[in-house]
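See structure below.
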């Protein structure tokens, strides 16, 4: 529920109303709305019945939010863009298309530097790379862990790229904070509510991947788990659902991008690599994602895909990634969107 | 299996070889390949074992086709474009993007003329409209039947647009031939092999929609059912698969477009309307389809969607369709593809 | 909508009311209900709004049918059993469990006789076997056609077993009538409404398989397509849906059996063979189906599965089928259901 | 890989071989095999290539395990039963059918005692009830937490029933240990590998639910995550997959039960409540599960389903649960399986 107060109401009027709503068991947030204020009220849907007896200040406009999520509903913050406060702040959701690239796993400092160079050459601003890898089999390579975090931090300092990496366990957060700009939650943990709650308590953007059989509504409710704990910055990421087709790894739900752009103010990314499952199909997926309106892409790039310890089959070479970025810029321009920058001045040259 | 003969081999050499292969129970087709000939050999996979003892002419290059389909495999006709021989022949699969629009059902002559005018204004070349409608419920409106065919024929004469309409039963084909340029097979009939066999015997393009839970391979094998009977012209159409998401009507398998463009020489269309299920989501689906590489779009357009007897919710207004077409042309240009024509001179003005 | 008239109302009262309803565009059927009559009224849901102004005879009880199907709704015929009028009439849906077995395809008279002997030895009453086979690939064995029909007719005469075989095309019906007791519609044709309409005009039971991605409601509406044309006898058949699992051929929707038994008066069969896809998993599927409440089973049985021209991998040997039947009888007895007969005296001995 | 040594080889021979295999990077376990020993060797599949140069003791029989899981493969422990070491040890996987019942959430001590009484009256041996509830919405009731653990412990002492409850976070384990006999991992956490690893380090059975879109192989690999850390006791639980049907909550994959019984020595449970989603469909699902061969059932039972704070719609009343148990015993007996006990003497009477 949103209560927009007349411009002559001040913060103290809001505070009074918030207090009364909170006595009912609901939660509230205060937002600027033009020259006045909006109180966002959220919580257990059953409690809203009690609001009916409530008297709102004269002139207040009360808007119900029909969806089961409130804080991530578009109505709650219609024009909001998000800042990733990395070494160089990046704005998401302002019409531009952010580009994140990098290897599935961080396999060493040299390959990470080469990947970062590819990202920069492609005009990207974020470097992805797994330190802790969730693997279907307990016998598969599970990432370099803390050592990988150090390497990510090192390349972050060298290049100014923002670091996106996956968190598997709340107990990893503290060690990640110094090196990581965006905490990625993988598809398999989209409903690990315990982890989401912890990520709701930090002040760092979370990139939340959609589970392989999650509905769009479930994805938004998982984002709401984070937002309702206080963290305001969640990036949603469509990466394909598990349908019956086997020639692609997952079935990219391109319609979900369109639905999300209507439902929420949160930025929407797409991971074309995990959908395609094959490098030769990544570009078509990525171009389609931009045409459908996504705010950013998360692409697997490896200097030598044939040698990758994981996901090599679906990783682009640096050259293929740079070519793809040029095509993305063309499409973005054709759609009247701010294109990602064609060139990027790194903080410091990589080898 | 493809057998490409040296340029000095003539048709008679081919005939001899074909005869021998056909004695084994296999089927053959003769194709031009540069200055020489290629014999395409297809049929029961088990029979190919017998080919091992076969002696091919000196210099012949024998290429196995690993897929279970042969005639629609890309290797079989790598650069082939298809001509829709309507009132004005339309080339498909040459890099351009063909645009087909029109109502779910033909509801009357006037609304069909208005729909045709919208298609022309959008730069489209094909008019879609159902005469025979497959309906989940036996109590729902099932189309105007023969009367609708007459209306389609009438508007075809007036506008020069090619007519795309669905066939449900082999016994409808004869009555359709005079009015229809492209015979559409709906998703529910994709494996109606009896109907496919009959459509394989006519000489008119068939637009074959992918079944809601069909694999890409099954779609191609259904196309092969048509091709193997002699009809060389099949247009494939992705229209969304049935996955678990309910906010869209179907889940558009954008990756299937990319896979099909690699697997087959047949043109690939996308129906964004049945995937989206809501008019406000159609444009994002259509733009994504073009970005992913499709050769054409089949879009539901109705002069007054709110009054439509079927699928009104997902039908675009003429204005929305014209806007969409402009965006599609921008994206096509950005990708270096021949854009669909911006204007189109109709054979005769519509009201 | 069901209108149950007081016992003192006669057929002429019914006729009058039916006439008035039909003037509105609705359809009606007359059913015995205890000592009185019920008029079943069905048709375009939009027309029912007009019924509101209607005055029903005093004492009439009007029951709305909330589902989009009416004739197959359980309320329409709560205790109905169905008779398969074969050489020896078989009652379905009376608590007993009917057993149909036989090969995927009729491959010859001898193997068909052996299959029939297995069915009889197992206590079954129906012989299944394909004459016309829908095959994903146009190059696969598609059945012996008319010759197979003759063989089925021959074994029918010899054994008294009812014949279940698939129809692919309305034009096959006439040739099938003399030899076939139950017309099977395969999963791929569940929404071939043109075929369903023709089967609605014959007076022979139709076994309608659920499509691989059809909902339960869609299955019932397809049955309604048949029932609304006049044929009163449809057997529904669950055979597995296409989900993501690949170790079984399809995912048997055991819950659908339970839902169907509540929703409809039509008998519900299960095909465990196409769900399992492997002979060693068929028994578990079949036992589960009986435990969940199905009225009959359709099982693939082949005298020598290793030599089968189709579906050999999932076909039971005669011995395995006989063992399975014994287990089924145990479970049926444990659930207080009439077990299928342990022995069956054939009309005439098979070789 | 399994290496079965001749009976005359002693533990020291095994130790020597294990040491050599472990030098290669592989892991080993020692198992009794008749009068001799088997060494189970597992780990990174790539390392097994190195085993080829290995010389095994004379008479050793080396068996490859083709599946990607080893410790849970049936070949690894073909006849193993599992003991749940609760207040009264329960044997699983010995042919009997274990019955666990109880509320979705522990809502209070009184309702938990009533639920326990229903379990006992039904012949069950385990009480389920959630203390920590994963909820799609952050605003829904999430369980009573630590207070619920105390109540579970209390009823455990009173009744001797083993307690099954869900763990969401590794940090909850210590507080759960005193009160919990079986740690349940929910479908949403099936691939929370961090949690699985921690559960692999305790010595308490884990009931691992299959994820809504997990394959059978992925379920077994998740079990392997636990087993490979040292915990030998995992119970697998099928609870329905997310397919397209909406009349049931999930689609129970009854075939998975059959496949699992072939693939693994681990006991297989079924949760009919989350599959059915409606109380009136639970019995059919449960009966089917037993017929398909499951080793136990996990059923939601609530003394007053209409008042339940979660999952009331799918919860059985005590009476319905007791009726169901009687039917289950009949089916178990019909299949020649040890039925669950008809009566059970509690350690202490419940109110």
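Details
We just call them A, B, C and D in the order they show up, numbering each chain from 1.
Note that in this section a residue touches a chain if its C-beta (ideal position, glycine included) is under 8 Å from a C-beta of that chain, and two chains touch if they have at least 3 such contacts.
Predicted, not measured: the structure shown is a model, and the values here were computed from it.
Compared with subunit A, the chain whose C-alpha mean position is the greatest distance off is C. Of the two chain pairs considered here, B-D and C-D, the higher C-beta contact count falls to C-D.
Mean C-alpha positions place subunit C and subunit D at a centre distance of 38 Å.
Averaged Cα coordinates give subunit B a centre that lies 50 Å from the centre of subunit D. Under the contact definition stated at the top, the residues of subunit D that touch 2 or more other chains are 213, 242-244, 246.
Interface residues of subunit A, counted against subunit C in their complex, comprise 242-244, 246. On the side of subunit B, the complex with subunit C involves touching residues 42-45, 68-69, 134-140, 168-171, 188-189, 191-194, 211-213, 218, 221-222, 224-225, 228-229, 242. Looking at the complex, you find that subunit A touches subunit B at residues 213, 215-217, 240-241, 243-248, 251-259, 261-262, 275-276, 280-281, 284-285, 287-293, 327, 330-331, 333-335.
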